[in-house]
Structure formats: C-alpha cells, structure tokens
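Note that the chains are named A, B, C and D in the order they appear, and that numbering of residues resets to 1 at the start of each chain.
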Amino acid sequence: MEVHAPADATEPAEVFERNMAVGARIAAAAVAFFFIAFLFAFFYLRALDSNGKWNQHGLDPGQAWGLPIFLCVVGSVGLFAAAVWSLRRDAALWRPGSFAALGLGLAAVVLQSVQYTQLAFGPADGGYASVFVGWTGLYAVFMLGVLYWLETQVAQTLREGDAALPLIRPSAEALRVVWFVLGLVGLVAYILLYLVR
Amino acid sequence: MSVAARALAVGAGVAVGAALIAYYIVGYLTVTPPVVAATGSGPQTHLTLQTVASYGHDPHPDWVSYLVKDPQGTWVHSTVFRVPAHSLVKVTVLQYDTATGLRNPFWGQPEGTVGGTMTVDGKVLHQLDPDLASHTFAIPELGVSVPLKGVADDAKNQCSVAPCTLAEAHTTVSFVIRTGKPGHYRWQCFVPCAAGFILGFGGPMQSLGWMDGVLEVV
Amino acid sequence: MSEVRGQRIPRHGVRILVVWAVLSAIAIPLVLLVLGPHLPPGRMSNEASAQTDANARLTALLTPILLLILVFLAYAVVSFRQEGSAIQDGPPMRGHNGVELTWLLVTATIVVALAVWGSYTLVRSSPGAGGGQGPSAAFTPSGSSQAVPIQVIGQQWAWSYRYPTYGGFETRDLRLPVNTLVAFHVTSLDVTHSFWAYRLGVKADAVPGVDNIAFVKARDVGSFTIRCAELCGLWHGHMFGTGHVVPAADFRSWASQQQTTQQPFSKYLGPYSRTYFPLPLHRAG
Amino acid sequence: MTDSFQREHRSLWQGVLGFNVLTAIVLGIVGFFVGAWIGGKIAVGHDYLIGTDQNDVGMFMGYLFGTLGWLAGLGFLNYPLSRMAGRPPSLRHHEFGGVGRYFRLCTDHKVVGIQYFFGVGIFFFIGGLNAMLMRTELLRPTEHPFSAGQYLSLVGLHGTMMIMMTSAFIVGPFANFLLPLMIGARRLAFPRIEALTFWLTPLAGLVLMSAIARNGFPTGWTGYAPLADEARAGMDAYIFAFILIGTSLTLLGLNLLTTVLTMRAPGLTWSRLPIFVWGVASTAILMALAAPVLVAAMLMGLMDRAANTGYYIASIGGSPYLYENLFWFFGHPEVYILALPGFGIVLEILPVFARKPLWAYRLAVAGMLGVALLSFMVWQHHLFVSGMNASLRPFYMLTTELISIPTGFIFLNAMGTLWRGRIRFTVPMLFALAFFFNFLIGGLSGIFLSDVPSDVTTHGSYFVMAHFHYTIMGGLVFAFFAATYYWLPKMLGFTLHEGLAKIHFWLMFVFFNLTFFPLFAAGFVGMPRRVSTYAPGLQPLNDFVSASAYVLGFSMLIFLANLVYSLVFARVPAPDNPWESKSIEWQLPTPVPVLDFDRIPVFNTTPYEYGVEDAPPVASLEPSPVPVGS
C-alpha cells in the first residue's frame, strides 16, 4: 500500500491545542453527568426514606476524615491551576505547583482508602451508607484517573526538561478544566455526605 | 489468494461460526430435567417427593431442591412430573429442610386439596403456622397450594446431602389433589428459601429442576 | 424555477391534496365506525371507556396524517421518477418559508391539541384514567374518599388480594362491586410487577415499598383477565388470573362470608398495612 | 508533535504473536481467571455468597482483569505506560500493513470504521438468531420447546444484543469512516480513543455472551432492579457489559463531537456541513451526556450485588424507582442515539437519488438538534403507570408529544426533496424510502404510548414491542442497510451484487411489516411483552408472525451471501463515484488512500448542488496548502 507523508506533519499545533481544549470541556461535562446520577440518588433516596432506612441511626463518617480529604482535593486543584497559570508566563511555578498538586491528590486518595478501614458502618446500613460508599469510592477512582494524567505531565517535565513545556501546555490546560470540575464534585460530595447527610 | 483458497477460508469460517453458535445457544437451551411419571394406576396415582436443604452434588451443592421417586423407587433429581388427567393424585412430601417462614402468611393454609386439608405426620391439619413452613407445593393454575412443615432446627441427624433417607430427621406431609384437563401446569414454592440470594427468591427458586417444576397432565 | 416558458407544469400539489382529501373522507368514518367499537379495552368501566375513547380519537386523528405522507410518497414514487436511463437533475429548490412555517404551525397545533386533550382526560374527565398514581393520588375521581379499598399484593409469582374494610382478609379470588368506586392499592413483596386488569382498564406497577393507587368504577357485571405486565422473573408469563365484577349486594355477602371463614387463620395473617417491607433474608441463608 | 509511524515488515509468526486480537483473547481469559481467583480471596466469608454457589465479587473482578488482559493484549497499555514514563504524546499507531491492521489496534479511522462494521454486525446476527428462537418458542401458547427460564434468557440476550451492542450500529461504521472525509480532516480528534471505543465493543459482546454459560439473566434488556439484584451470576455479565458499552459510547461521543467542532476544513461553514455530520453531532451530544448516567446506574447495581449496598432495595432504604429513573434517563436518549444517525443517512441519500438539493436544510438541522435536546426531558413516559410523580404526567405527555414536531421536520425534508425530483430506484434509495414508510408507522404508534390514558392500555404490551421494532428495526436497520449498500463499495472497494440486494430489500421490507404489524393487534388484545405463555386464541396470529419472522431472518442470510459473494468471489472493483454523487467522499479514489487527502481540501459549497448550473465542485482537493481550520 502506498504511503504518503505522516498526516501530522502538515498539521499545525493549534489543531492539537483546540482538540484538547474542546475535548476536555466535553469530558468534564460527561464526568459531571456521571456524578449527577449520585447527586440524584442522594436526594431521591433521602426524600423517599423508604422503610425509614435512609439514615436510621444517624450514621456519621466523621469530619476528622472528611475535612482533610476535601482540603487535599481543593489544595491539589488550586495548586495545579496556579501551575498552569504560570505555564502561560515564565513557567516558574509549574514544577513546584504540579508536583505538589500530584502529592496532595495522592494524599486524598490514600486518606480515603484509610477511612474505609476506620468506617463505623458498612455499605448495607441503609440508603445513606450505600450512597456514601459508592460516591466516595468512585470519586477516588476518578481522582486516580486525573492523577495519572497529571503524572504523565510531571514525568514528561522531568524527562525532557523545559523544552517540553510548550508541548505539555495544551494537555495541562485541558487537565485543569477536568480537575476543576472534579473538584466541584468533591465540594458537593463533601457538603452532602458530611454536612447534610 | 486464489479463488479456491478464498472459498476454503470462507467455508471454514462459516463452518466454525455455525458450529460455535449452534453449540453455544442450542447446547444450553436443551438442558431440561427428565420427566418422571407418577407411580400406580387406576383412580388414584402416587407422587412421592422429598425436599432437601442442600442438594450436595454438582452443579449446585448448596442449593435447596426437590427430588422425586420414580416408579422403580429410586430418587431422581427432577421437578417435571407426568400424571393422568381427571384423576386423583396422592402427593407425599418427605420434608428434610428446616423452617424458613413464609413471606406472605396467607400461603399457610392448604388450598385446592381434596377436603382442603393436608396430613402432617399423621395429623390432619387445616392450617399451618406460617413461621413453621419450610416450603410450599403450589400449582397456582390448579388452585393448589400446600405449606410444608419444616424440621425443627435442633433436630438430630439432619440431612445435608440428597437423596435423604428415612433414618434422617424429616416430617411427612401428604395430600390428595384432583388433576383437571390435560395440559402443562407450572408449580413452585412460595417460601423465600433460596439462601443467600437477596429476598430469597433467586437461584433455586427460579430454576427448573430445583424449586420450580412443571406438572404434565396427560 | 428552471422551467422553460410555456411548458405546462402538472399540478402535482392539487392532485395529491385531492386524493388525500378523498381517502381521508372515506377512511376517518371507517376508522370511527368500523374499527372504533373494537378498540381496546372496551367499556367495562369508566376508566376503560375513557381509554377506548382516547384510542379511538388518536386513531381517527392520526389516520389523515398517515394518509397524507403515504399518498405523497406513493405519488412521488410513481410520478417523480427519472425518465429514461440518462441521469437528469431536478429543479434546485432549497426550501420554501411559507410551506416550512405552515408545516411547523400545523404539527405544533396538532401536538399541543393532543397533549391538552390527553391531559384533560387524565385530569378531569376520567381522573387517573385507571393508571397507578402512587401513594398520594394526584387525580382523584369524585367520592374517592368513600372508594372501596382493595389491596393487590404482587409476589413471585401470584396475585393475592386483601380487603381492609372486611377485617383485611386475604384471598386469591378478586371480586369487586359494580357501579362502586374501587381504589386498588397495588404493592409488591419482592420485585416489581405490574397489575394489569385488561378489560377493567387498570394498570399499576406493583413496586416493593410503594402503595400504588389506581381508581376504577366498573359499569358492567362480568369477569376480566388479570396479567402481570412487568417482567418479574421465571413465571412472569404465568402470573395470570381472572377477576369478577359482581352486584354490590353479592359482593358484600361474599366478603363478609370470606371474613368469617378466614377467622381462624387471621391470627397468623399479619395486620393490614399499605406497604410491606420483607427484610432481605439478612442476605445470607 | 512526534509520530510513532513505523512501516513494519513482520513475518507471519511475528504477526500472530504480536499485539493483536488473538493475544487479547488469550490474555483476557487468563485475566478473567486471575481476577476470579483474587475475587474469591477477597470475598471469603462474604455473607452474600453463602449457599448461592456464586461469587459476584469474583465475577466482577474476573471481568475487570479480563478487560485489562484484553486491552493489554491489543497493546492499549503500551502508550499510557510510555506516557507515564514521560515520553511525549503521539497520535497514530499501526496504520500501515495489510489485513493484519483489522485485527489489531489501529488508529486509521477507515480501518476502525470497517472493524465496527463487521464487529458490531456479528452481534447483530447473533441477536437475530435469538429472535428466531424466541419466535419458535411462541409457536404454541403453552407447551414449549424451551423452558420459561430459557425463554427469558433469550429475551434478555436478544434485547441486549440489539439495543446495547448495536448502539453504535450506524455511528460506529459510518461515522468513523465518513465523518473525517466529509469534514475534510484526516482523522478524528483522538485516534487512540477512537480505536479504544471500537475494541471495547466486541469485548462487551463477549462478556455479554458469557452470561449464557451462567444461565443468562432474567430481566430483559432493561435490567430492572430488584429482580436484577436477586438474579444469578449471568446478571453480572449484563451489568459489566453495559458498563463497557457505556464507557465506549461516552468516549465515542466525546471524540466525534470534538472532531466536528474543531477539525472542519476551511470553507466548511456550518451551513455547508453534510446533514449526516449534523446527525452524528447531535448523536454525539446524547452519547457523551447520557451514557455516563447509565454507567453510574450500572455501577450502583454492581455494588448492590457485590458490595451489599441497597440502592435499589426498598427494605434497606433504597428504591427500585431510583434505577428506573436513572436507566430511562439514559434509555430514552439511547433510542435517539440509534435513530438520529439514521435520519442523517436517509437525508444524505435522498438528494443523491432524487437529484435535488436537500430541501429545507435548516429544518433538518433544527429537527435533529431539537430531538436531541428534547430527548433528555421525556424519560418518565416509560413510567406512566409506575406510580411515581403522577402529577407530572401531563408535563411528560406534552414533552413526549413535542418530540414529534422536530421528527416531523425530517419527513418534511424528505417530501420536499422528493418533490418533482428525478428519482432513481437504486437499492440505497429503496431502503431510504422504506425507512420513511416504517418510521412513519413507528412514530405515529408512539403517540398512543405518549398519551397517558391510551398508554394505560398499551404500556408493557406487545403494542410497545411492535412500536419500537418499527422505529428501531424499521428505522435504524433499514437506514443501516441503505448506508451499507450506498457506502460499502467506497469503504471496501468492491461492488455489491445488485440482484441479490434487491431480493434482500423486497423480502426484508415485506416480511418486516408482516412480522411486526400484527403485533400491534396482539398488544391491543392484551398480550404482555416477554411472556412465553399466551391466550390460546392468539395462536394463529403468533404462528403467522413467527412464519414471517423466519422469512425476515432468511432475508438477512441473503445479505450475508451477497457480502461473501461480492467481497470474496466476484471482487468487482468499485468505481470512484458509482452514484454520480456530488458529496466529497465520492470525489476521492476508491479505495480511499491511507491518508485520505494529499492536502486538506477547501470547501466551496454544499454537497447537494444538483441541478445548479455552473455549481463549483463541493471542494477543491488540490488547493495551495492552507492552514487547517483557518
């Protein structure tokens, strides 16, 4: 089969940039819709309170866990936003910002997993318990996905140095959008699962 | 590639595909328990069943199940029975399972049997405490529903592997039903006795050959 | 228009409209008079006849729409074909604001009219239309507070019925009084079923933990088939039975007689409740 | 951006042993057993398992590891791992080489399109086989060849194969292949994701088929809880397969939507976009936003079965309504995921064979977008008798019936395009016209179901079943065959035999209607869906339907025969533009070269300039180089 020149050779970089930007926003919307299902489950089951078993015994997963986890997420989102912001300028904050964001994100996941071992209730203890376990668990999984993405950028920075930064930027901008939306989901989850219940 | 080679390839592909699909679908569709005829003849035939808490053999050693005694007197793992039409059938159930309790107490009353009664260990009963029920033998289309009293939980030498012997702890429930016109009538159990399945109605409770069956009236 | 001056353009539009008008004029009466009486579910109850009317009116209204497009397609297939084997192009028409706007307005009017008419039936002329309305019925027929309550209990795989006003006795034999408003309280003990009394025009899902209310007022004495209309497991197809609409007096005597015959068993039969929550067998054996 | 192109000259054995579907199957099976073993270890003493002889944790872990093995075997993990090691991103993978590409991870959108065509087609035919067996069961009212449980497994597998596996029935093959050509791009926005979306599909199919080995699942394609919670291990396959498909649909939607938004060639304004692209774009919106909700609903079911949660179990604080809401919030857009690309295809084909521009282009676009947006607001019409929020029924009745306005636009487009056209009755045109006939009946019968009083009669009966077979099979499948006969020559480079095609069409059209029209009556006289036992009086009708269904199935075999004959034996090379079409894909050589265009084309006009004197070509394929998207 006859072979032409690679398509990408004739393809200017802004195509890649635009794809990442648009794709990231659609992905963020998809993520939001995924968690809207759990948002709906929370309010729906809470309102129905069928058999009085929504949260019969006033289960409380404990602020001592919820607040640190939430703060790690917020910190990671914020630091990464700052890192990307600096990437558009002198990139001074990129390395510290992105590394710290990765660290905090991982900390959140670790804390979440440890919390399960300390949890005073099990998934079978009513509607609230079910929603809590499902929502936080899948949230952790999504965080891992985002952190993988973040790790690729960190790794690329380490491997190729500042020369790679222009190439990393579109991807970083995209990640910022998704990570921000996921952070909002985290905020909602924190308010509903720890404060409202 | 020559035409012959292509033809060969296609033929082989078609053959493999067809074989796979046939095996895959038809293979599992034709697994049905054997039909067991009621013993005796004349105006009244006999159907002897036993229920066991755990079948004890593959494919599902832990499943609760019915068994039936064939005319040669050997226990067969089946729930498809053949009985004559417009006749009386004396059903005797040897109950080796402990009580689970009825979800809907209503099924604690024998219905559709001759005289509306059942005989439990020699005593004629018109009703059963729903909590003592271990299973029911119900043919809804014939209006038949009989609760089966369970063995006491603390009874000695309980049976765990089918077929159970008369030496092991059991209760004997017998009743007579009148078969109607020919046809296939499904029967089932109304006690949520499928251990482990949420709501107790999965697995054996929804599988022919275990707690569901067909009464072939011919 | 890329037509040569003087060439006669056949008046396709007029032809199509004439054919359509004629066919509709024939078809609509046929639908109403011939098909109409046979449309389900019949007139055994107020709700059933409301549904029959809805079906009839929809069939009658949709017939001309069906005909319009079919006539057009048929006409196009017959007379807009390419003559000969050589490929010719048609006139390059890209749209016509007038036609598009008319189409939009007409369809919108029909659709909204249908929705309004359906809502009127559902809310006013036959409140609830025989459908299950959940624990707090939004559309209640007049006198619904005096309605005779009958609880329908779906379980794998049989229907049973409780009569709370007669001591809550339970039976497998459904009877309801004629010319009396009845409130079916449909619920389930295990999975989701759907109580479908076909000729009575009642359909209500039996959902565990939900008291699904459907009102019906039977007009004629007679019997009707009951089926399960929601897949509920192995014997879903066998969850059928027969219900009877009987004269009010017969109903009362039958009910009180049942109540007495079941007296000895009533100590076992749990108290009547709008919903039942069987605990999932502690999820183990 | 770097590029991992390498032209590979590999020996047969290297080809067999490398990353390909064979390796994927082996690793997938290994992964399944590893996962099942791990799951067994995790779930020791897990009280849900005692006495059930099934371990849902093991099943799900098995499927999870099986998925990883499958993807690893196809080489999907290499790139992510190299990225983790910090290597720069790249776009393409294995685009050269012969037949081998079709059995491996390949980012060429044309290859993916053809993979979809055959990959999804297989499951379409298996689903059809199930339908034949179901009709056999229904030959007699009470005494059956298959038991009630086996019939339910057939119903479930048929429905799930047809709705779930063929969600990408049209979008998969034709959007992947044609969208980049039609918008003058050389690829989709994310070629690796494109390859992933395909390779998840056959995997989901295999997982679903594995349910048979576990006695299938009793819930039909809707998988209502709590019946799904108490079902046997076959249900795990259903849940996991739906999770895979939901993921695949989400990614596909994201990919297609991004591509349409960002990669249109210069000159291709929104009003010049081929209508099929609009259909795909509106479908993509639905896929990207509705499918995630499905995945969430399935994950809740997974947790109910494997982790003892109680989302759908009323007794412990859940609710079956929760599942019904979430499922239909996806489920209704899903039917438009099936239908919208069909609209796009028939509207794409009509102008070619009526030799007229698409009539009222604006309305067509408005119609598709309108359907897409409205479809998010109607899901409760599946729950009119469920007993939930009765007071909202008038609202959902209205929104549901409003959908017939944008759908009506599509019919107006068709009528306007045919109006005084010069119709050529080629096979694609026949299928396109049949689409409108069937979809008309399907759409109008839908009005009965949207009208609450009438729905109380028809809900859950064979009327519903006839209705959605008229829309999905009469609509989608006919559109699929129209597209197949229209574009397959371009895709595969061979002409299909026309005689066989016409026989296929007439058999399929006639016996499709003979099969499904009587079922409206069956529903009207009170036959519920998904039952194997029915009133004896209905036997003649059911036997008639079964007989026609067999012929309908036979017509599919004719199509297969045509495919085999034309592609394997006759092998008549297809001309570049057999239909004299003016749209861009037909201006390219057949078969389309690996990189589609030598240069990114510049569009001059719409693809429908029929009968316009001195209309320019739709696009200049050899312009002076222009930066993309300027």
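Going forward, a contact is a pair of C-beta atoms (placed from the backbone, for glycine too) under 8 Å apart; a residue touches a chain by one contact, two chains touch by 3 or more.
Keep in mind the model is a prediction, meaning the values are calculated, not measured.
Visitor: Taking each chain's centre as the mean of its Cα atoms, which chain lies farthest from chain D?
Guide: Max centre-to-centre separation from chain D belongs to B.
Visitor: Please tell me whether A-C or A-D has the greater number of C-beta pairs in contact.
Guide: A-D
Visitor: How far is the middle of chain A from the middle of chain C, if each middle is the mean of its Cα atoms, in Å?
Guide: 46
Visitor: Please compute the C-alpha centroid of chain C, do the same for chain D, then give the distance between them in whole Å.
Guide: 30
Visitor: Hey, how far is the Cα centre of chain B from the one of chain C, in Å?
Guide: 38
Visitor: Where in chain D do residues touch two or more of the other chains?
Guide: 47-48, 50-51, 148-149, 218, 226, 230, 308, 313-316, 319, 321
Visitor: Among the residues of chain C, which ones contact at least 2 other chains?
Guide: Only 190-191, 209, 233-235, 238, 277-278, 280, 283-285 qualify.
Visitor: For chain A, jot down the residues that touch at least 2 other chains.
Guide: Residues 50-51, 124 of chain A touch two or more partner chains.
Visitor: Which chains touch which?
Guide: Chains touch in the following pairs: A-C, A-D, B-C, B-D, C-D.
Visitor: What residues of chain C sit close enough to touch chain B in their complex?
Guide: Within the complex, chain C contacts chain B at residues 153, 155-158, 160, 170, 172, 189-191, 233-235, 238, 264-265, 268-270, 278, 280-281, 283-285.
Visitor: Which bits of chain C are touching chain A when the two form their complex?
Guide: Listed in rising order, the residues are 209, 277, 283.
Visitor: Taking the touch rule as given, give the residues of chain D at its contact with chain A in the complex, in rising order.
Guide: Of all residues in chain D, those touching chain A are 1, 3, 5, 7, 80, 83-89, 91-92, 96-98, 186-187, 189-190, 250, 253-255, 257-258, 261-263, 288-293, 295-297, 299-300, 303-304, 307-311, 314-319, 321-322, 325-326, 593-595, 598-600, 625, 627-629.
Visitor: Along chain D, where are the residues that touch chain C in the complex?
Guide: 47-48, 50-51, 148-149, 151-152, 218-220, 222, 224, 226-227, 230, 308, 313-316, 319-321, 354-363, 384-391, 393-394, 397-398, 401-402, 404-405, 408-409, 411-412, 415-416, 418-425, 433, 436-437, 440-441, 444, 447-448, 451-457, 459-461, 524-526, 528-535, 580, 609-612
Visitor: In the complex, go through chain B and note every residue touching chain D.
Guide: 3, 6-7, 9-10, 21, 24-25, 28-29, 32, 54, 59-63, 183-184, 186, 194-199, 201-203, 206-208, 214
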